[in-house]
Structures are given as structure tokens and as C-alpha cells.
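We call the chains A, B, C, D, E and F, going by the order they appear; numbering starts again at 1 in every chain.
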Amino acid sequence: MKIQLINPNTSAAMTASLADAARQVLHPGNQLLAVTNSAGPASIEGHYDEALSVPGLLQAIRDGERNGVQGHVIACFGDPGLLAAREIARHPVIGIAEAAMHLATWVATGFSIVTTLGRTKVIARHLVERYGFHQHCRGIHAVEIPVLALDDDPEGLLRSMRTACAGALERDESGAIVLGCAGMSHLATELTEELGVPVIDGVSAALKMVEMLGELKLSTSKRGDLDYPLAKPYAGFLQGFAWPALTPASSPL
Amino acid sequence: MKIQLINPNTSAAMTASLADAARQVLHPGNQLLAVTNSAGPASIEGHYDEALSVPGLLQAIRDGERNGVQGHVIACFGDPGLLAAREIARHPVIGIAEAAMHLATWVATGFSIVTTLGRTKVIARHLVERYGFHQHCRGIHAVEIPVLALDDDPEGLLRSMRTACAGALERDESGAIVLGCAGMSHLATELTEELGVPVIDGVSAALKMVEMLGELKLSTSKRGDLDYPLAKPYAGFLQGFAWPALTPASSPL
Amino acid sequence: MKIQLINPNTSAAMTASLADAARQVLHPGNQLLAVTNSAGPASIEGHYDEALSVPGLLQAIRDGERNGVQGHVIACFGDPGLLAAREIARHPVIGIAEAAMHLATWVATGFSIVTTLGRTKVIARHLVERYGFHQHCRGIHAVEIPVLALDDDPEGLLRSMRTACAGALERDESGAIVLGCAGMSHLATELTEELGVPVIDGVSAALKMVEMLGELKLSTSKRGDLDYPLAKPYAGFLQGFAWPALTPASSPL
Amino acid sequence: MKIQLINPNTSAAMTASLADAARQVLHPGNQLLAVTNSAGPASIEGHYDEALSVPGLLQAIRDGERNGVQGHVIACFGDPGLLAAREIARHPVIGIAEAAMHLATWVATGFSIVTTLGRTKVIARHLVERYGFHQHCRGIHAVEIPVLALDDDPEGLLRSMRTACAGALERDESGAIVLGCAGMSHLATELTEELGVPVIDGVSAALKMVEMLGELKLSTSKRGDLDYPLAKPYAGFLQGFAWPALTPASSPL
Amino acid sequence: MKIQLINPNTSAAMTASLADAARQVLHPGNQLLAVTNSAGPASIEGHYDEALSVPGLLQAIRDGERNGVQGHVIACFGDPGLLAAREIARHPVIGIAEAAMHLATWVATGFSIVTTLGRTKVIARHLVERYGFHQHCRGIHAVEIPVLALDDDPEGLLRSMRTACAGALERDESGAIVLGCAGMSHLATELTEELGVPVIDGVSAALKMVEMLGELKLSTSKRGDLDYPLAKPYAGFLQGFAWPALTPASSPL
Amino acid sequence: MKIQLINPNTSAAMTASLADAARQVLHPGNQLLAVTNSAGPASIEGHYDEALSVPGLLQAIRDGERNGVQGHVIACFGDPGLLAAREIARHPVIGIAEAAMHLATWVATGFSIVTTLGRTKVIARHLVERYGFHQHCRGIHAVEIPVLALDDDPEGLLRSMRTACAGALERDESGAIVLGCAGMSHLATELTEELGVPVIDGVSAALKMVEMLGELKLSTSKRGDLDYPLAKPYAGFLQGFAWPALTPASSPL
């Protein structure tokens, strides 16, 4: 099984780091394709960034499907383009916020989210509502470190996260932490051990869910609202996105 | 006051038709700028279309702001890119689904939505939840006519809408109808008269809300999650979207 | 267009003050009729006061309709008698809590309410639920100044409001403030400037919504539960309220 | 214990009928005071009627308290003035919609409401939301018989109710029926037997709840929002309602 | 009327204490049967304890029904086995959490729960959701005293409770306290007096509700999901629970 | 990894059938331990059956943990004893209703549940609320075939299920079906193919989730409300359940 991990931002360094971690959780037989968004924002820290990460992400989904990918993970905590991606993919698509929140409810009666910047908390909040977890999510917190600065001071990040997670557990009376950014994935194991609670990385969780769906031979329903898009022309700099006659993967767009 | 009406799909004919109606509801002193999306889908009938209408829409918002526009209406019932648009605009931005649903609660205790294709009902459903109107929206119905076919048979459309609206009022015990597509705007007056209930066109409603916000000197809060995007590079065919150094409106992108 | 602003309490001074502000937001061609409740409580600070403001308010609605009024604003943050008023009015009726909360969701993803006395917070809370904004309203706060004392110490009021609003924005992580009393209307502009966020006065908002409905030729649905009351006798000191044979506006009641 | 049953409409015949039934459910030692509203609508079939039943109702509450009453039942399914009544009463106040819905959840996992006119369904719907029973209430139905016509054709009423209740149980998959009007109280026993499910009369239920609160020496909290109204002048034809210097019970008002 | 008070834990001392209090609230003519669970945990402080209190509790229900009991109270704040008990009882069954929360909404617009151990808060939280009171319950607090230690230091307990209740009223802006453990019942009267708000003991409340249902001749609906269990064999150490051929009350099981 | 599949009813035939299917979805290296409840009801078709399936189920959890099991699946659609099981297990525990509903939201925007008997629909309904999926679950339907009769007429069952599922998809406008009973597991593949939508079997889904949690080295949080039970004596025929000194697995209890 070939699984595509899509980093919706354009940081190849982050993609490489995610790919390293991802390979450790995939089943031995499965193959990882880690893809950096070829278009859009360097990091996703608001609605504007998120909206503009979607075209490149959808390209990656389409190209992946053409190239034999059998499942996709969208590795940004806002789950950008999730339903649009499901429309054009024959294979499963899972977002990391979705994955982490679902998993959190299997191991705790309540969880807290710890994310990067305060301005992104509303995105998490909206997803909590959309996914139905407002009774399970007991708090959303931010360490106020920008996405691309997460790697600048690894020790400082760990300290900040440790403090924020411990504070969240205490104040929210939660049993688990959901990491609110793909760029925090590498901290999950260490924080889990230090804090003694499940600290959940959505990237790993989503990868396993895609594997699981593949093994169960289940994928997005094509009955109703997630069916393939209706055929129609697309104009301007997005004309290559016309469905189904999308331009070849190698097109310059 | 100069108000921009953005048609998120690429049909100039629909834009022209919307603009005609829009001019009739604006205050005499106000000026309308009707803009067709220069990129993306010919019509918006699903999550994929909707997601890909957003970049062009955001361009229009940005260009409008640069050109002295003092308010924006997003004229597609999915309210695509609404929060992203609010981030980059100094002036108010209103979506037509938002406008129509809000207004409906001022004139009835419950309303029904009548939209184009069944596959778009989930989009309306999600907006109902997001906006908080699940106690007010008593039903969502579709006439199963594609957006771009709405004008093919005006008489047939009117008949279908009349039947669908009357059925919705009866079954849902609603007091008002929300038209679920910008392309239905021209029917509002006639259906209101025929059915004897408010049949609400979100385009008119949104235009008046933008006027109203302008007159009240109120606009999107720049405190917190709708503040201007953080400065950062953008890559690939979307590099022109980098904030704040967006490429000029005339750039080829 | 002749619009009636009804002050549901019996303070003519407050009505005058509201009228001054109201005239500044109405369109030049429109006429304001500011009416003080001729019966009931001097101020509305609880359920009892609120319930007893309604008969006089309904008289004003009825008299206004008879005298050519084309829209009504109920200028008390509890929106007393809103649905009853809609039943007897042919023209639109808007409450100021409704108006302010709706508008707040157009300019921020979350808002805080700042009201007078703590004991009225439950009224705001119930309205938040009724209107569907429990995901948008992030906090309700009180400055603990009685309605009729709001004008006693203008400087002190401004200080208290400034502190309360700033605290609410901080604690609730809100993007906008909703003023929880008609008597605070005059503070909106100054607080908006000082705090740098939209501070929303429901009186202005409601007036513009009434204008807007009038211009769109929309009014309360008379299908279903907001239809005119059924004809029946009324007894006792309220016999003049019998519908439709209400006593003349000038009757002593 | 002296318990007051207040009929918020002005039909003495209905009060007498309610009183007969009420005496059968009260404990032998307890005394019933059945009071007809001295002011307001002959029947309550909408928001306007409901709002105007409240002043007379509050008079009855006040007078009852002065005359040694130790608990109050508001015998209209809209629970008019419930929170206002609680503010001015030292003793418990229970509404019949509240009573019936609460009780229904003790004997079934889901219930249906059967009321008089379709136009009053929205009132029941709002109460269901306010009281928190939207997961328990599976349907609201109307027999389309006006309140004051309920006694015109007893056999016809019984037939209509039997059909409506049986249909509701079937369609809603409910386990119990809540009677949606005080004027249906006398049908509860017969329908319970015929249908083989609890058919709940809110009048009886509310009387027992008042007895129960009295025996438990519990009453409305005077801490916070249900504390006695603040002292202030009242004007016009409602000046007698000024708190605490209410006019004597015998005043002409 | 013979009413059974079932203590779901196995502490006979607690049962005796509950029985003393219970006899004071029952009507003179009614008879109390206080039963200690003959199987299961000494105290209920988590999901495991709660689940294992249910078989013995159901035995008590069954035996009570056989022995002429006409109503049952489940005296543990988790309301263990409530719906299962309703299935096998012809007579009413009320849980004390259910009773206390319902009653609290009759005397206050918001209440706080004060319970024993923090780990049981989730049980209360789930019940709040199940019963529909998430708008009414404004906080859940714990004094961190184990159930069976409640009697160790009566003065200390009272002090802890006084502090916790006062703090909850202040922080939650509540009007009433719900005691979150049957073992706190004896404190209700004293705390009510000291704090000046209703402090609600679910045991008393539930007993009165059972009396009330009996007097109204209402009991659990046997239509639908609370009908008697389907006949079927039971195996192993629970074979005596087979319905309807349950082993005699005196069987060793 | 050794995974335990617990059939909470006492039908060894059903366990065997579940085990066959289960072995096909587990990873090659993983070992399945299929356990039939040694105590309790032959089938679970109501609250009473469900409550009495829990003690035996908890024994199986405990015994499994002692015997090296690294994850547990509770194979009854009511997810009996789920939180209690999580308290006593060091390893993950997943219920099949939980598993199927979660998975359904990954492949469709809305799903329908098709279960055995109408009387069990309330159990599914309560779980939908508990898990947060009331926006995703669009209908719950029953084929009215008892659990143990599912195998009596395989062809008839398939026909009934096909009809019920197709009807549910149509009426509910759902994109996926959740099978509402472990005994329907074997139909998932065939129905998926016939209906062209994901028909989800919770048993397979739960097994894969347990594998997934194991591979991610995540398990139930022991911080807070799912921590191991507090030590205390247990009495009567359940004394062997005292925690932590549970009787040996082989004890007669």
C-alpha cells in the first residue's frame, strides 16, 4: 500500500521531518510518499493561509491518485480542503486534526488541544464543532510560537509545550493532549512519557487510519455529496483544475 | 460608498444578471462594482468547486480593497472563503448564505432552504450549524437543477421553485424560504408574492448588510483571529498571494 | 419611511437620548418616531420588569402601525415582547439584542456582552441560546451599574465600561463587544475607537435592519406562528387589547 | 398547605373545570385556591395572547402570596411569566409545560406533545429548547381545535385526541404523550387507559411538584437572577405593579 | 404506598442513615423499605464500581416488585442501572441525580453540583448531557473526600462542603447547589440555611417524585424501549437474572 | 500483539462466527483471542440485558489483561461497560458502535444505522449523543429481527438488510451504513458491493483501531476519570470483583 503524506505548507524541511516520523509508524510493507505543497503559504496560520493551501493540496491528491497512491493524509491541523479532497479521491483521505481528535476520545473522556498561535484557535474550535467533539474537548491553548519557528529552539519548544500541556491538563481536567500542529509531531513520544498521559500526534494517527481503511477496503462514499465533482470548465490560472480533464501532473499550471 | 459584488463562479452572464438586480437595491448614492471570478469553476456545486473558487475570490477582495471598494459581497450560497476574505479586507465582507439565513430569522420563527442540487445540501447544512441556526432551519430541499441550467428554462424553473417552496413550507411548517443559490435571486419577488411569505434572496440581503455596516462605520475586528494575515512567502503558482506584498492586480500570476 | 423607536421603559430622558443618536444613523429621507413606554417599569432589570414592559410596548406597536409607521425597534436588550410584537405588526420589528448579536457575528468569530447588572445576565444568556449564538458568544459580563444610574456619572461609566470591555476581550478572546443595554448606546463610538474593536450598539444596528427590511420590501411572515392574533375578547384592565378591535390609540385604557 | 392554581386565561368555566380535577390530586390536608385571570385574553393561542396574560397572572401571584398561598401553578402550556412570577414569589411556582415535560422524561425515553392549534407549536418548541429536552421530545402535533372549543364537542375532542396521540406514538416512536393545553387535562386518565402509555397532564403534575417543594421546604433561590425585583416606580396603567409598593389586591387597577 | 430506597453500594450504615432521613420526608401513610445492595462495591467512585453495582440493584428492584413495592429510588448520584431498572419494574423508578437536577431547574436558572471525588465528575457531566441540563448546570466541583470517609469527620465535611458550595455559587453564578452524593443528604438542610440558597438532596427529591408518580397513577411506559425485557436464557453466575423466570428472591444466586 | 474480541452475550456460535471474520482483518503477526461472555444474557436487546452483560465482560477484560492481551474489543453495538473496562485495562478498549460511527464520519458526511429490534434504537440514539455524532447520524432503523434469529434465515436476513439499508440511504440522504449489531458483521462486504456505499462493520473497525493504538503505543489515559478503580471491598456474589485483589481467572465466583 502506497500512502501519501501531504504537507499543505511549502516547507520541504517540515515535510522531510514528518516523513521520517511517518516511516516509523507505517507497516513494513507500506510505502510512504511525502509531498510538499508546490504552491501556497510557507506556513498556515489563519484562514487566508489555509484557503490558499488548498489548490496545491488538491493537485497533490489528484497526482497521487494518478500515480497509484492508495490513501492520503492532510498534515495540517486545520484539515484544509478535506471534503474537497474526498470528492476527487477514490482512496481514503484523513486530516490530522480529525485523526487526533477522534483518537483522543478513545483514550480519555476529555482532551485539551495545544496549538501554535492564538489566532489559529478559532480554526480548531470550528473543527471541534464540525466533528462533534464539543463535549470532549475541554480547552484549546496556544504556546504563541509560529509554525516555522517551532524548530528554531528545540529545547525552548519542549519547555513551552511541557508547561502548556501540564497547565492544560490541570485547568481543563483533561486526560489527554492533542497536538495542534503537524510541526509538533516529534514531541508526542517524549511528552507522553513526561506527562504520563496520551499526547496525540495527528500525523501518526491519520497514517494509521488510512492504513486501516485500506485494509478494510473502505473508502469515501461516492453516493451523494462526496461523489466526484461534476464535469465543468475551469477558467484562468486554475483552468487546469477542470474536472475530470485535469491537466497532467507534470503540467506547469 | 463603493460596494463590490463578487460572483465566485466564472459566469459573466450570471454576474451581469446579479448586477442588474443589485443596482436596484443599493442606495442611490452607492456604486456597485460587479466582479466575475477570473479563475476557477464555471459553477459551484460541491466542495471541490467551492474550494477552488476561493483564490480568485480573494484576488477580487484584495483588488477591490486597493481600488477603493468599501464593502464586499460573496455571491455564492456556500459563502466560500468568507473568513479568509475577512482577514485581508479592511472593509466588511458578507456572504449570501449568511445574509439570507440571518434575515430569515428576523421575519419568521423557522425557515426552509431551497437550493439547486441535492449534493450541495450538505454545504448548506454545515453553514446552518456554523451560523447557529439549527433551531431555525426546518428543512433543506433541492430542485435538482444545475446552477448553470437555471436560466435555460425560466418558466420551468419558476414552476419547479414554486412547487418546491410550497412543499417545503407545508412539510417543514416554515414561515419563510431562503433561496439557496445566487442564480435564483431574480425569483425572490415573484415567489414572495405568489407564496405570500418572505422568499429571501441572499444577494440583496448581503448588499444591504454591507451598506449598513458602512453607514455604522463598523467592520471586521482586527483583534484576534480575523487580523490581517501574518507576513510570509508564498510559493509556486500562488506566490502572488504572499501577504502583504501581493502582486499588483494586473499581474498574470 | 417612518420608523418607530420604542423605549420599553418609561424614562423619557433615555428616549430623548436614544432619539438623538438614532437620528444620526437613519437615512436622510427617513423619519424617526421615538416613543416612551406609557406604562410599566422605570427601568428593566429582571424578568418581572421585562414582562411588565410588554403591554405598553404592544400598544406602541399597534399605535405606530395605525399611524403609518413602517418599522419598529424594541430598544431594550432583553428584546421584550418581540414575537408578540411581530404578530400584530404588518411591518418589521427588530429587537436590539437580536440586532447587536447578529451584527457581531458578521465582524468577529466571537463576541462578549457587557451589560448593566449581573442579575440581567441570565436574560442575555437565554437570548443567546434562542438566537443560536452559543458558539459565538464567549462571555457575558456586568458592570453592576443600574440602568437609570448610567447617566449619573458619565466619566465613571466610561471608565467602568472601558475596563469591563478590555477585560472581556482579554479573558474571552473575543473580537467584538456587544453593549448589553440601550442606555450604553452613546458609548459605542468612543469605545470602538479606544479599544480598537467593534463595540456594537444594538439600537443603531436595529434601526438599520428595519430600514433594510423596508427597502427590501420584506416583513414578518404571516404564514404560521407569527400570523395576526386570533380574534377574541380580552377582559379587565387589558380589555382594550382585544384583537382586532383594539381601543383607539388615545383611549385611557 | 394552600396552593394556588392560576388559569392565565379569563375563562371562569375552564378554571372551574381545572379546579375540580385539581382537588382530586392534592393531598387531603391541602387547600386549593383556583384563580381566573382578571385581565387579558379569553384564551392563549399565540405570543400576543401569552404576553398579555402575564400582568394579570403576576397580580394573582402577588395577591396569593399576600393571602397565605404557599405555592403556585401556572396553568397554561406556554408557561407564561414563569420567571417573572418566580421573582416576586417567596413560594414555589411551577408551569404546566415544565411539569409535564419533566415528568415525561421520568417514564419514557422519548415523548410527543399534542396541542391545540398548529400556531402554538412554536411556543412548545421554544420551551423544549429552554428546558433542555430536545433529545427527549420527538414530535409536536396539533389537533387544530381552538382552546375555547375544546369543550364544545367532548366526544369529537376525544376522538381527535385519540387519533392524534396514537399517530404521534407511532410516527415519533415515543413512549409517552404530553398534553399541550390545560384544557385537555380531563382527558389524561381516559387516554392513558386507552392508549396504554402515560398521557401526562401538566396541571396535575405541577400541583404535585408544588406540594413536593413545599414538603421539602424548598423554594425559588433568591440569590442572583430570581431575587425579588429591584424597587422602582412604575408608570401608567401599570403603576400598581411597582415593586415592592404594589397596590392592594383589591385595588381597581 | 410502599416505597423502596435502594442504596447501590453495600454500606449498611449509609443505608440506615439514608433511611432515617427518608422517613422524615415521606407522607405519613407511606412505608419505606430501605435496602442495601447485597452485591458489589462498598462505595461507587467510578465507572467500574458503578457498573458492578447494577446487578445487585436490579435484584433489589425485582424483589421489591415481588414484595409489593410501588416505587423505587436509586440512591447513588450516578443513577446506575436506571433504564434497566425501569424495564423490569411495573412501578416508577427515579434516580437521585435525575431528581436533584430536575428539581434544581424549578428553583433556579442555574445550578452547581458539588460531589465527592474529582474522578466522578465525568459521571455527573455525562448525566447532565443525558438529561438535557447543560444550559442549567454551570459547574461541577469536588471536595475530594471519598464516599465512605464522608462520615469520618462530620465537622470537617461540613466545613469543606460550606467552602465548596460557597465557592461554586460565586464562581458559577449559580442559584442552587445539587449535592453530588447520597452520603451528603444529611447536609442539605443545614447548608440551605447557611448559604441561603436551595441545597438539593436528590434522595429526598427522588422519594417525593416516586410518591407523586404513584399518586398520579403514572409509571414507566411499557410501549417501546422500556418495555419488559424479552424472554431469554441467562448463563453463568448471572443465570438467575433470566427474564421472566428470575430466581426467587431468596435464591443464593 | 494479542487482541481479545469479547462477545458480551453468551452465544458461543456467534463468537465463533465473529472470530472467523476477525482473523481475516487482523495483521498476520497478531493473535486473536475470541471470548464468549461466561455470564449474562444470551443476547442483548435492551438496557437490562446490556447492564447484565457487563460483569462477565469485565471479567474477560481482567482475565485478558492477566493473560497478556494487549487490546480489547467489546463486540456488542451498545458498547456495554466501555468506560468501566477502560478503567481496569492497561491496554486499549474499543467498542464496536464507537468504532463504526467514528469510521463512518471518515468516509461520508452522514450515515444511517440499521439495527435489529426497534427497542434497541434508543441505545444507539444515546450513543450517538454521547459520541457527538448527532450531526452525522441521519437516521436509525430496525429490521425487527432478534439478535439470535439473525442466522436462522441467511437469505431472508440479507433481503431484509438490503431493503432496509437502501431505504435508509434514500430517506436519510446518507452516504454510508453502520451495521447496528455484531451479528450482522458478515454482511458488510456483500452489502457494500451491492449498495455501492460503505457498509461498516464495527467489529472489524474496532479490531483495527486496537491494532492501531497498539502500534502507536497509546492507551487509555490513567490521569483522571479512567484511572484504575480505587481499592475497596466488594460484597456478595460479586465479591470477586474487588479491585485490585480480583479473584483468579479460574475462580468459580
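The rule is simple: a contact is a pair of C-beta atoms (placed from the backbone, for glycine too) under 8 Å apart; a residue touches a chain by one contact, two chains touch by 3 or more.
Since the model is a prediction, treat every value here as computed from it, not as a measurement.
Steps from subunit A to subunit C, minimised over paths through touching chains, total 1. Distance from subunit A peaks, on a Cα-centroid basis, for D. In a homomeric contact, the two copies may use the same or different surfaces; for subunit D and subunit E, over half of the interface residue numbers are shared, pointing to the same surface. Once the centre of each chain is set as its mean CA position, subunit C and subunit E turn out to be 45 Å apart. Work out the mean CA point of subunit A and of subunit D, and you get 53 Å between them. Looking at subunit D, residues 83, 109-110, 118, 121-122, 129-130, 135, 173, 224-226 sit in touch with two or more other chains. If the chains shown are joined wherever they touch, the resulting network has some other arrangement, not a path, ring, star or complete graph. Pairs of chains that satisfy the touch definition comprise A-B, A-C, A-E, A-F, B-C, B-D, B-F, C-D, C-E, D-E, D-F, E-F.
If you check the complex, the residues on subunit A that touch subunit E are 109-110, 135, 173. Residues of subunit A that touch subunit F in their complex: 25, 27, 83, 92, 94, 98, 102-103, 105-110, 130-136, 169, 173-176, 189, 192, 196-198, 200, 204-205, 208-209, 211-213, 215-226.
Of all residues in subunit F, those touching subunit E in their complex are 10, 37-43, 45-52, 54-56, 58, 81, 83-84, 86-88, 118-123, 126, 129-130, 146, 148, 224-227, 229-230, 232-239, 241-243, 253. The touching residues of subunit E, counted against subunit A in their complex, run 118, 121-122, 125, 129.
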